[in-house]
Structure formats: structure tokens, C-alpha cells
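Below, chain A partners chain B and then partners chain C, in two separate complexes.
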Partner chain A sequence: MSSEIIADKKLVKFKWNDQVIEAPEGENLLQAALDNGIEVAHYCYHKGLPIAGVCRMCMVEQTPGPPRPFPSCNAIVAPEIAVRSDTPAVLEAVEWTLQFHLVNHPLDCPVCDQAGECGLQDYYMQHGQYNSAMEDQKVHKKKVQDIGRGVMLDAERCILCTRCTRFTEYVTGTYELGIVGRGDHAEITVHKELENDYAGNLVDICPVGALTSKDFRFKQRVWFLEDVATTCIGCETGCAVNISQNEVGVYRVLPKYDHEVNGHWICDDGRSIYKHVSGAGRLIGPLENKSNLFIPITESATANSLRGNSQKFILSASLTNEDYANFFSAFKGEKDHVALYRLPSMGKEFDGILKRSDKNANTRGAREAFAKAGMDHSETGLQDFLDNLNAQDVIYLVVPEIIYDEDHFMTLLKKINKAGKKVALTTTDNLQALDAFDYLLPLPTFLEKDGHLKNFQNRDRKLSAGRSYGASNRDIAFYANWLN
Partner chain B sequence: MILKKDLYTEHGYLKGLYLALKITLITMLNNIFAKKRMTINYPEEKYFYSDRFKGKHVLTVKEDGSLRCTSCMLCATYCPADCIHIIAANDNDPAVEKSPVSFQIELLRCVFCGFCEEACPVDAIRLTNEYEMSGHAEQEWVIDQHHLAYRKSLNGGKGILSTVDDSNRLKLRL
Partner chain C sequence: MTQDASSANYKDYTLLSYHHISDVHKLDIFSKAGGYETMKKCFAMGPETIKEEVKGSGLRGRGGAGFPTGVKWGFFSKDRTQKKYLVCNADESEPGTFKDRYLVEKCPHLLIEGMIISAWALGVDKGYIYIRGEFYHQAKILEEAIQEAYSAGYLGHNICGQDFKFDLYVHRGAGAYICGEETGLLSSLEGKKGQPKLKPPFPAIKGYRGYPTMINNVESLAAIPWIMRFGAPAYKKWGTEKSAGTKLFSISGDVKKPGVIEVPLGIPLREIIEDYCGGVKGGNLKAVIPGGSSAPILTAAESMLATMDYEDIAARGSMLGSGAIIVLNDTRSMGEVLKWTLEFYHHESCGQCTPCREGTGWLDKIFKRAENGHGQASDIDLLDKVAANMRGRTICALADAAAMPTQGMIKAFRGELLTFIEGQGQEERGRKR
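Then we have the complex of A and B:
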């Protein structure tokens, strides 16, 4: 958060244990250590949030300096200081702090989704490994609370680090969460249901299992998942995300820190972009529509029935730059046989945090590629294209992967009814709208191809391929000229 | 190959033969005339293995008859043969939270090592001394939670209670 402000400050050297670290003067001491690959136990500190200093885990001792350990998250880097996190006083302080954090913790790791990436589990192995000295009964609080926007709250597991309350206070400014009660009885609660569009981030920043995702709830254990670092295709912002998947399917979307674009967060819409990639709705091979019943058909049979007519394409604005370039180099038809369909804008132009109204992931890249190929990418171009359709044409429509407003898409489908044969190039087959098509041909999803998108800043955002869940490896460039 | 040649040279052929086959002869005569025999008339008679035998799996149940398993997936994680497949789901009881909708073990893959038993934090899976397993189709070798917990041999279909029940656990406030 503060790194831009102090970016022009001079670098100074200081000592953390025996390691000499170089960091900007005035930088957060804990962050400087974490940036240099030192593992320091911490719960309440988060780079994207203001300092609270409540968990007391990141203790260090400075010599010469204060007479007792102090939390490093609340200290700043100064030249020539020497701090130690491995003195007996610090280790004892951390162990006792952890013991206090676990006093009322229910230890229901077997049913907790956080298990495997939980701060309590990690630091217990590092600093704990003691037997419980607790003689009194634990204080029990309310479990399994649905607090809205797909977030589940378990007050018992909470260690009161206040990351979540600080998030609703400083990032979204919606103030839904707060702490009530004192001492053992203090607990996180909501005074109204969550209503911000960034609630999913609460799940990510919670260092324990107090806030978990309803969507991901009990679907998979995190140690069975592998992360793919890629880009969100939900809107033109192009947030960096990690998508968790395994051989069975895709399970969740997590934000990935990117200083230039999205910082630490992503919006809730971005968390549901994975749903069509694997599972029942995924189109794995060509399908033919026989009176609204889709039946598998071979690729060559499809090609035979489409041959001989003029091929016209409507591309979506969420393909990669490479897709457009390959398509236009392979496409041999006339220039007015290709048009661009863009999803309609939704909501505010920019909501102040991340969300933007243009729901096409690659508007800029598409326009650039169309202009380079000498083709018309405008709305009027699409209108002319639709007016010129006739019964001899075969129209190929690239179905956008994420459709927020299916009604708008349906109006486009009504306009292409004039065409003789309608083919959808799509990744999914469970859209109601697809009944209008004669053939469905498979395309790779955004998670199955490498490439780049141009986001709202004209910055190239990288898409990385993860596992493949479709049987076909045909991309849009293949269909550009596949009948010749 | 004759290992002790001197039996023949010292005692002569018949005595040498007797000395060489002494144990074999005694065992043979014992088996013919003595009452106690090592072999049993399986399957009319059954051999009883001790409780430490690692045989067919069982899922324990709670006092109300529901599965003890919380589907934490530790057994599936630990399993060296990858033969345990669990699908977890939300349980309506907030004290339980998570329970399996499907718990399958592929017996043909299982190596009966007992690691699942070791990994289980709630005493939900055990290996019993049940050793008779047979089947034709592959599907008969994939056993689900109904067979694992409520087959006839387990208290007549009522299942085996786990040592520490959930209600006790909550009372003890562990």
C-alpha cells in the first residue's frame, strides 16, 4: 500500500537476525523481511490493509533498543538497526501468544476448509507443539453463519486479527463487520448481511478458517489443488488471478498480487469465471442440433455439411491477441465477412476499486487486430454484416465465454436467423441460447490457452494454460479456413 | 541332495530313512490318528483371526446410526493405493457441518496397509478381521458407505459404534 509513496526513498541496510537486508528507509519492517524471503509468523498484518498490531506474532528484539520485544509490523526500517526474531525472549513471547490464540479455538480442522493453508496450523508446527494447558471449558460461539455474498462465518475459529473488519472499513468502505463483546467472548459479527462486491476477498485474507467460501465449501481439500497464474476474463480490468484446479476440475479463483492492475483484490464476479471450464456444461466435441437435441457428430461430417457456402464470422471481444492474429492470417474470405460482437456495458463505468463496465476482456486487442487486418470492428459494421446475411450463408458465431446478460445475446441470435446454417464456436453447451444453432463446435477455454489480453490500460495481460478439460484442441484460427 | 550322508553310512538304510524323515512321519501319523488338526473344513468351519488382522474395512457409526466420518479426506490423502474416493457435502446439523455423501473403497486396489485407520482423526474407519471377499464383476469390488457401515455382519446391519461418540465429545468439550 505504501510502496508507491516511499518508492523514491533511498535504500538503507539493516540487519534481521544475521542477514543484511536492503530496503527503502521508512518501509514497514515486517514487509521488508517478508520481501526478502524471511518467514515471519504474522496474522493481522496484510500489505493491502492498515497496520493493527493486534496478533503479536511478528515480535522482534532490537539491540540496542527498547528493553522488550515489539511487533515488527508496527516498526519501520531505519539505517543500521539490528533486530533479532530468534532470541529466547522473542520465541517465548510468540509461543505464549500462539497458545492464547488457540485457547478457545475449536480445533475442527477435519471439517474446516482452511486446513492446509491455515496460519494456525503452520505456526503451530513452527512455534507451538505444546500440550494444551487449558483446564477450563472453551468458550463456544456461533458456527456456520451465512453472512451473505457467499461468505460463511464461524466465530469460534476466529482469532480476532481484524483483517476482515479493516477490509470492510478501508477498502470497500461498507462497514458490515465488527467485533462485539470483550475478552474471551469477543467475536466477529455482521450487523447486516455483506453487500459489497468484494466480499470474496474476506475469505482470502482470513488467516484462519473463520471466514470460508460458500462456493468452495467442502468441494475439495486444498492440498489436492494446483494453482495456475493467469488473468481474469470477467471484464476489461484484467486482474491477475490464481486458479485452483486438479485432474477432476476447476475449483476456485483467487487474487494474485499485481501492483500495476489489481493490487491484492479481485471482485466477486471474477470468482465465478471458472464454472464453464470443467464439468457437465463443457463442450468436448462437435454436436449437431436435431430438433433441439444435441447429438455428437464427427468433425469431418460437420465440415462436409457446411462446405460450399460462404463462411461468415462474428468474433467475440474476449479472445486473445494471438487468437485474432492467427485467425486473420488464416482467414481467406472477404473483408466484410467478419464482424465483432461486444457484450453490452453493465453498471458504472468504474466502481472505484476494480470493476469496470466493459465486460469484454480484450476490447482493445480486438479493435487493434481488426484495424490491422483492415476490417470493421464497430457496432455499425456488425449491423451492416447482419443486414447483408442471406440464406446461402453459414454463420459462425464465437460465443463469449462469460455472458452476464443472456437477453442481449438472444437479440443478436434473432438477427442471425436469416443465415442458412448457424454454427456456434463455443466452450460450453449449457446455455439456453444455443438451441438456435445447427452445430456446436468446441473452442478452448481461457484456462486452456496461452496468450495475451489488452486491458483497460492497454497493458498486455498474460493468459496461461492449465490442464485441458476438453477433448479437442481446435482453436479459432483452425476454423477460419478449415473447409478449404 | 542328501545333506547328512552319515545317517545312511552310520545307521544303515532303514534306520537312516527313519531318522531323516522322523518329523515328517510324526506329523503324518498325528494328522491321521490324533484329534487336533491344523486344517479346518473351510467353508463349513471358519478360522477366527484376531482383531488386529487387517481385513475388510468398516465405517463406524454414531449413537443415532449416522456415519461417524466427517470426510476430512485424510485417509484418501494418506492412502498409498489411492483407493478411497470421498465426496463431501454440507450437513444440516451445525454441530456436524460436513459429512460424506459418497464414500467408496476400491477393494481390488486396496493393499490393506491400515494407513487409513492410522490417519483418521475421529475413529471413523477401521480394518476388521473379516477376510472373506469375493466377487465377479469389477463393480462388486467397489464398496460404498452402505456396505462399509451397515452390512449384515456388523451388528446385524446396525453398524459398529465408534469409541468416542460426538455427543460425548461435545459434553467433554474437547
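Then we have the complex of A and C:
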């Protein structure tokens, strides 16, 4: 947001402690330091939100400038200034302000989900008074409050940085959160349950353990997690995300700052795209439907039972560009034996923040690949394809990883009933609709492959492979021609 | 005190020159005594002339900070077409202060006249008087006075035939001390929670609803008609070089005649206590809080030497503040005084900035602990350290307002505080046995 405005501003040099750094003139002083890799303690400042200046942690002294330490988040970069964050006055201010932050904080780190990524813990190592002077009764506030949309609030842990209230005020404009009370009895609360589609971000921006995620809390300690930087496949926006995982499973989806696409945020839908990757029902090998019971079967046995018929494919529109390219180069069948199924549009075309109605992560990439291969990607093409199905056909349907509208998907399934054999190429068997298939064959999830998507801006979005939770490494290109 | 309406006393007073006239809160009586005449003359002067005169008078903001009013006006946008606001700060809440209430209650038109002149000088067409919520009676008096001024054509469109429009509204606060801080006041006026705003930008640049806003104290604005009538040099004859003019002092506590007086700045504190207030009541002088509850306390010896001007009181480590003199005799416990002071600031901290939110509560708790019998000698140093680390670290001066009297009290009465904190404990422990 701010860097757009100052993009054409000239870069100036100034001093931060003993280091000379460069930043656009007029840029936020604290942000300039952070952008240059300098660590500055701060809680209330967040690049994506307006300045509050209340945590009083990012104190600096400046020459020429005010005669005493002041918060760098409310100052701007000017040429030739000399900023110091290491003077005795600044260090004392930071140390004491941290002490003030902890005066009424419960210090329940052992049972707090934020432990390991908590601002209080981090700066305590650097600025803490190791012997607290506080020996009085702490103020008690409401704990374990479910404030809606999977967000839990513990008002005692809150340091009242107001990031969350500013988020609901300036980003979503829904104003559910506010502060009631004054002084050390002030606390964050909701006047109605959270009802915006971006509530998960509140948990991310909370610098302490006051707002935690119901979905994630108590599942895993953050120091046991590793992040995979990839792209969300929830809709055509293609938000940059970090997905936390370890050898046991995948635990959460966090936004990753991307100036061009999603800025600091992701929507709540995007936060649940990980669930099928390592969850119950993850398909790790071929299954055969025996009277609605799926029994493991070998790949060769599956192949044998499908041979001799014409193999037809319906691809989803959330595969990678590379998937399509590899598939079409391997596919040797008739041109009208491949069609494209797109998930139906949902909601407003654009909700004004991030969400878009096209729930297919790669509509543009799919259409380009189909066109390049001389295939028909249109709705009518799919209709003709379905009309021409007959009992001699084996139909392979690539099941989209994220299905928002199962009813719509069921109508598609009804239309492929004419086919002799029905095979689902899928990442999960945990879907009622799959009972309609004769075989389920495994595919890698979006988190287990490298590749690219084309988002609504026609921008390439990168998928990166993390750990693999499915035994099979088959992709759709393998099935394109696997019986010959 | 019924006197003739033509007997306004300009010789001895600037602010209280009308106050001895009965019913001077009415427009006709105020006018008969010469009210609104200065305003009419001001319309013939250019705005810049008025601003120069105010600057030349050396008038300093009477709300407590003492920033020169003319200089503050100088920061204000000169563009007369721009949307701007004039706000009168009548949220008089500093414990010990009751001068603005007296001004508004007896002579509301003096404030209104001052505001019209200021609005003309500053090129503002809309003004608010933000009055403390508890001043219900005074707000009503102001409302009535404003209605009279509208009827007389002094407010509204084409004031006195000039191409000048000025609307004035009264806005009552809801009882928060912090709304007397000028940006806290603006937040409250905007309908938000009364929390001070981060500076810069200052209100003169970006204030009420984001537009340039000039905020002045009641007493500052009420001094303007006199200054414009008799000129800056006449005003400067009173007071000292750096503290020009006269000032209202509200005196309370252990004096025989408490109340509001108007005296030239620089007057010895001793003279105020002994001559104006009839001396100390109920004992000998022990200490004086010279500028409202946030000002560090002066010992009796210091008080007897002090003169009431910004420089002298500052040199003694305290501040003139709003001119609220609280006199304490030797029966008063300094521990009690500080305890109540700290409880007040704990209650009034808006909770925005961490050092103040947690610090004011902590200071209060240390004292409460003593009350429950768990005081210890080291608490004095702890109080001092906590207070020292609250100062200058927050958006507004409330943290300082709690820290300064704490540190001042420790400096002046350490021994007594120690006895208080430890003594309370012994008494309590004794009872438990």
C-alpha cells in the first residue's frame, strides 16, 4: 500500500546506529529499518494497517530531531538523519516498556499456543528485565472466549496493541472488535460475533497469544513446523501462502506477503485448503469399489480391468500448467475424448478484498493448454463430450481438490453414468460423491508438486512441493496413456 | 454584589472585569457594560493585525501547558477558504481546578466574544465548546448565551453586516479526564472513544475530522477581548517578562477563603495564601500543590519563596499548570494525598499507551498493597523508578501527570511516605494478631 505511493520517490541514505541504509524519502522510518533487515522491537505497528503508536516499543533517538526517544513508527525517512536505537535512553525505554507490557500478562507460555512465535517472548530475550519488579496482584480479564469464525480470545494475554481492531475497522470494515474499559482494565471484545471472511488474519496479526485459531491451537508446537511457500488453490486470486507442516501432517495455512496479489492477507476459505493433504481419507493407492466398499487393489489389476475400451478424460481447472502440458503430450486419444470441468462461480465476482467468484485456481492456464492442444475447453464442449459417452467408454474424472458446491459436482456425476467404467483421479476418498466410481486412482495434492498456475491477473503463481503424504507419485500425465 | 451594569472593572481585571455585575450572563447587561464592542472593532481590523496583537501580548495557553497562544495560532492554516475549526476546551477536569467553570457560569458572553474574535482572526466558520460533562448547569448557561448571541446577530451568517459566518455549538463531554487533553477531546468530539491521537500531525494541521483545528482553553479565549481592546502593551504591563498578563487561580484546601481569584502572574504564592485567601486554616502550612494534582508538590519553605509565574514554578521543579493551588496544612498525610492522586490517574488512564496503562495501575497497586499490610521500604524506590519510566514515553501527558506528583512527593516527603507505607502495614499486621 505505502510502497506503491512512494515507488517513484527517490532513495535517500541515512544512518541507523552505525550502519548507513537506504530507503525511499518519506517512507515510514520503522518500515525502512525492517526492510533493511534491522531488528526493531514492535507490537502495534503493522505494514498493512494504519499507525497506532501505542505499544511504545520501537523507540529511537534521532539527530536532528526531538530531544527524547520517540516511536520510529510515527516518523519518516529523511536524507542525512542519524537514527540510534542503541542509546542508553532508548534501551531503558524499551526495557521498561516491555516490563510494563508484562505487568498484567499471565505469563502462561507453557500452555499458550503462541509460544515460539510470540512477540513478548522474542523481545524478552533481548530486552527483558530478568528480575521482574512486579509483585502485585495482576488484573484478571476474560479468557477462552469463542468470538466466532474459529477465533479464540484470551483478554488477559492481550497487550492492547489494537492491530485486530484496526483490521476490522480498516481492512474488512466490519467493526466487530473494539476495546471496552479504560486503563489497565481495558480489554478487547466483540459486540457481535466475527462475521467477516478474513477473521483468520486476526490470529496472524496478533503479536501475542490473545487471539488464537480454534483450528490450529493445541495441535502442534510451532517449533516443530516447517513452512512451505506456495500458492493457495482456493480461487483464481492465487494468494501467496506459507503452509506449515512436518512429518506427521499439515497444520495450517498462513498468508505470505505478496505486494502484487494478496498483500498481507488471505481469506478464511484459503485457510482450510490443507485439510485433505494429510487428513483422513488421503488416497495413497488405487481402490476398487465393491458394493460401495472401497478395497485396495494393485495398479496392474486396475489397468487390466480397464483395458480394451476408449479412455476419456474430464480434467479439472485447478491443475498446474505443467500438468496440462505433460498430459496433452502423453495423451494419444481422440481430440474429443478430453473435456474440462470448471467449478461453478460462487458469490460476488470480487468481494473487494481478495475473494473471487471463480473457484478454479487455474482457469486461464487450463484454457490456454486446451487451446494449444487443439482441444475444446468450453462448457458446450463438455456437454457434447457427456452426450457422446457410451457403455464402451472408460471415463476418468479428475476430482477437484477443493469442492465448495458438492451438489453441482453430483449433477456432473449423474451425467457420466452412461460410461461403462468410471474412474476418479483424486487425492482423497473422503467424499460421498466418490461412491459413484468403480475405481479411485491417486494423484498428488497441490502441496506435493511443483508447478505454476495463472491467476486472474494472468500472473504466474508458483506451487512448491513440500513433504509427500501419499505413497504414489502418479500424476495425470501418467494416466493419459497408461494402458498402452 | 449588585452593581450597575456600566461599572465593568478594567483597571484591576481582564478576565473578571464583568464578574461583579449581577446577571451579566445576560446579553443586554453584558452589552451595556461594554461587551461585544471589542468584537465589532475587530471586524474593522485585518485578521493578521489581531493575530499579531495576540502574539505580542505574550498570552500563554491557560489550559496547563502554557504554550504561547499567538505562536500556536501561527501554525494554523491561513487559507480562509479551507474548512477549519475552532474548539474551546472547557473540559476542566484537573483536580483542584475550577476557574473555567467560574468564567463560563458568570460571564459566558466574554468567552463567546473571545471565540468570535478568534474565529474572525483565524478564518474559521465553525466552533465547538467542549464542556466537561459534569458542568450541566454551565452548559445550559452557555447554550442560552449562544442563543442570545444568535438573536443579536453576533453568531450565524453575516455577523454585524460582515461577510463572515461563524456557528458555535456546545458539546458536553461524558466525564473523562483524558478528554481535556486536546486530541483526546477531538476523538471524543468526533464520536469516538476519548483517546489522544498520535502527534505529529498536530491538530492545527490535522485535527477535528482531519481538518485544521485550533484548540484553546476557556481562559485563553476569554482573555482575547481585553487584549484587543486595550492592546498588547497594556496586557504585558502585568506579569513577568515570560509570563505576561493576569491569570485565574483556583485555590482550595486548607485556606480560610478558598475560591477563584484573578491576579497578575508573578505574584508571590505567599501573598495569594495570606492576603487573598485569609491564611492557612486548621494548622500550619505544610505543602502546596501549585498547579493542579499533576504538579509536583512544593514544601512550605518552597511555597513561601515561590512566585506564581511559569518560570519560577518550573525552576522549583513543579509547574504552574492550570493554576489550581491546593493548600495543605500540617494535619494532612502525604501518603493519603499521593494515594488519592494515584487512584485518580489509574482510573483516568485511557489505556492506549502501555507505559501509562500499566504504570498508573501499578503505582496505585503498590499503595493499595501497603494499605493491606504488605508495604515495604523498597516500595518507595520502586514507585520512583516506575514513575520515572512512565515519563515522556506516551502519546499524551497523562503518564507524566501521574508520574510527576509521585516523584515530587518522594523528593519532598520521602520520610513521611516511608512511615506511611510501613506504618500502614504494621497497623494492619497488628490487627491481624
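Convention: the second predicted complex is superposed on the first by the 482 of 484 C-alpha atoms of A that agree within 3 Å, B and C clash if a C-alpha of one lies under 4 Å from a C-alpha of the other, contacts with A are read in each partner's own complex, and residues count from 1 in each chain.
We adopt the following convention: a contact is a pair of C-beta atoms (placed from the backbone, for glycine too) under 8 Å apart; a residue touches a chain by one contact, two chains touch by 3 or more.
All figures in this text were calculated on a predicted structure; none of them were measured in a lab.
Name the contact category of A:G352: first (chain B only), second (chain C only), both, or neither.
neither
For A:P296, using the defined touch cut-off, is the partner it touches chain B, chain C, both, or neither? Pick first, second, both or neither.
neither
What is the contact status of A:G37 with respect to chain B (first) and chain C (second): first, second, both, or neither?
In the superposition, A:G37 contacts neither chain B nor chain C.
A:G374 in the overlay: touching chain B, chain C, both, or neither? Say first, second, both or neither.
neither
For A:P88, decide between first (touching chain B), second (touching chain C), both and neither.
In the superposed model, A:P88 contacts neither chain B nor chain C.
State whether A:P64 touches chain B only (first), chain C only (second), both chains, or neither.
A:P64: touches no partner chain.
Check whether A:W223 is in contact with chain B, with chain C, with both or with neither, and answer first, second, both or neither.
After superposing on A, A:W223 lies in contact with chain B but is clear of chain C.
Counting residues of chain A in contact, which comes out ahead: chain B or chain C?
Greater contact footprint in residues on chain A: C.
Which holds for A:G308: it touches chain B only (first), chain C only (second), both, or neither?
neither
Of all the chain A residues, which ones make contact with chain B and with chain C?
Touching chain B and chain C on chain A: residues 137.
Mind pulling up the chain C residues that touch chain A in the complex?
Result: residues 176, 178, 193, 198, 200, 346-355, 357-362, 365-366, 368-369, 382, 385-386, 389-390, 392-395 of chain C touch chain A.
In the complex formed with chain A, which residues of chain B make contact?
For chain B paired with chain A, touching residues are 70-74, 77, 88-90, 94-98, 121-122, 173.
Name, in rising order, each residue of chain A that touches chain C in their complex.
51-57, 59, 68-69, 74, 92-93, 96-97, 99-101, 103-104, 133-134, 136-137, 139, 159-160, 179, 181-186
Which of the residues in chain A come into contact with chain B in the complex?
108-111, 115, 137-138, 140, 143-144, 217-219, 221, 223-224
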